[in-house]
């Protein structure tokens, strides 16, 4: 997938169009997510005041919704933003952090996923949890290999007519029929907080510029996996990996 | 400006006095801002509970107000802090993130700027927006060169009897009469989130130790530009730039 | 302490058990804290929605409560979490950021410390403030050497039947009787925001896996001090130090 004209075209569009990606995300990962979006050529914004959201999301090229460290305030902001995105035709992407492991989170994730989500990216525990199956996650890290969630991903994709990506050692991306595999990345990436969250935001950026959504998501994960693998090859610890990852995202 | 005794004196005061800078800022940039302040020798604090703010801001040497990712809670906290700062004589600095591009943000920025602000630092879109002119920004990044906002900066400075800095490839700093230029920095700095926000916090730190406010702001931007240029000269990506920038801030 | 079988056993348990540490902390330090926990082998989570907290904290292996940049929302979340932790038998650790320097913060810190806290880690100003003595801090940085707070630490430890650590150039750890010293670390660590906060979270991780609590806290600070000293020995600025520190935490 790395050398296809399609992938190169998505990358070129990212840099040429600098899509404005509106993020509703956790304070834990907001900085890393914004830097990852800037590195790939997108323009990030985190607008979460209730009176600012609806106006902003319709100007944005994509909305990225992340459920990490959810607060009642962010839950309300997300509900407003998703409604405005759907009404205004802004594509939106869901990262269901903690779904499956935290019951109220799972309920909320299911409720918003039903609102015309363009793509969902999660680890196996989250995708299984969202599909109503037992994931085995504790906290926000997955306890299960990504292949265990392929069927759940396919079923969710059909249910919501969206793209679903389950990431892990191998990433699987499906529209409910076709399943693409991306086998890049590096195990050390699980030692950096927000790697998955930033990947979801990059999915949103690619969805904004690549109209073929299955490809958009697969290209985003290819970009993430390439940058992660290249970064991991030249560093020897998680602190350095986060830094090198941003450098490599800008260089791919 | 780099080799003047004035600049060296501001730097020396920063390190000797370690001004306590109270920040009300976005979760996206809070960590980077605190680290930038520590690097230049200041002592950062982020106090935002309503019952803690007024007492704290009067102990602080300066208050830095940043409108990024504004929430209703932070808006209320900022209103309390600015009132207490003005009453207690603590100088305060405004970074009007998103002004011009987000209507409620612009209104709020204008309302608080009228309360004895010591200095305002923004990009061209934000300064134009604050002055009631059309900026052309989308999201929080500027769509316009900094020179397009010089007149707006001068007019705002006269209106609020404060210093206004519009930053970009060239930074312009004005008290409404004199316009100083700082042409340092590097384009790669726009690929790191919070660079402008951290610059505004450093402006607050310099205002705390340098009584000549036009110089204080120009010195802060000189420090920022020098560190950014030196960092950009020895790295090759935005992840490394953020790290090297903090190192260089501590070294200038 | 570095080469003792006990220390190696705590480290091995951290990596083998990957304790789930629930953090309620400031947006300023949340990312660095999560990365520090991942680096030592723990699994961090930041769950702060009122309807999610009680269920989550009882699943977690430890709770880390940090009072930095406290908001009314986080104050309420902390109260819920501490009650649930005590009822469910999850050990919890307090980092009383700003105690002593900010009156409402001091009151809140004292009130929750009385609820069966397992360990408290703070700088001298904070430990003195918590003990009702004058600390001399301004903002969140200590104005006093750690040895000035040894008696206060011992008294707090006896009062709450917990472990108290006062950190600085030398760290002191006490159960109210024995006082252990850890003299590692490096002065440059004070130029990186969140170093103390991350240390407190690592204390929580060690308390989760090492039943001897005095040793658990001392081992956590040994780990922090070793990583800090090794990182400081090979970098020349605070930006690089934060990165190298995470690498070294993963390597100890």
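Order of writing sets the labels: A, B and C. Residues in every chain begin at 1.
The rule is simple: a contact is a pair of C-beta atoms (placed from the backbone, for glycine too) under 8 Å apart; a residue touches a chain by one contact, two chains touch by 3 or more.
Just so it is clear, the model here is predicted, and its values are computed rather than measured.
*Asks:* Connecting every touching chain pair, does the picture come out as line, ring, star, complete or other?
*Replies:* Drawn as a graph, the chains make a fully connected set, so complete.
*Asks:* Specify, for the interface formed by the sequence copies chain B and chain C, whether it is same or different in terms of residue numbers shared by both sides, with half as the dividing line.
*Replies:* Mostly different residues form this interface, as fewer than half of the numbers used are common to both chains.
*Asks:* Which integer distance in Å separates the CA centroid of chain B from that of chain C?
*Replies:* 32
*Asks:* Where in chain C do residues touch at least two different other chains?
*Replies:* Answer for chain C, listing residues that touch two or more other chains: 27, 30-31, 73, 242-243.
*Asks:* What does chain B use to touch chain C in their complex?
*Replies:* Those residues of chain B that touch chain C are 20, 22, 27, 30-31, 34-35, 38-39, 43-52, 55-56, 59-60, 73, 242-248, 250-251.
*Asks:* Enumerate the contact residues on chain B facing chain A in the complex.
*Replies:* 26-32, 68-73, 75, 98, 102-105, 138-141, 190-194, 235-240, 242-243
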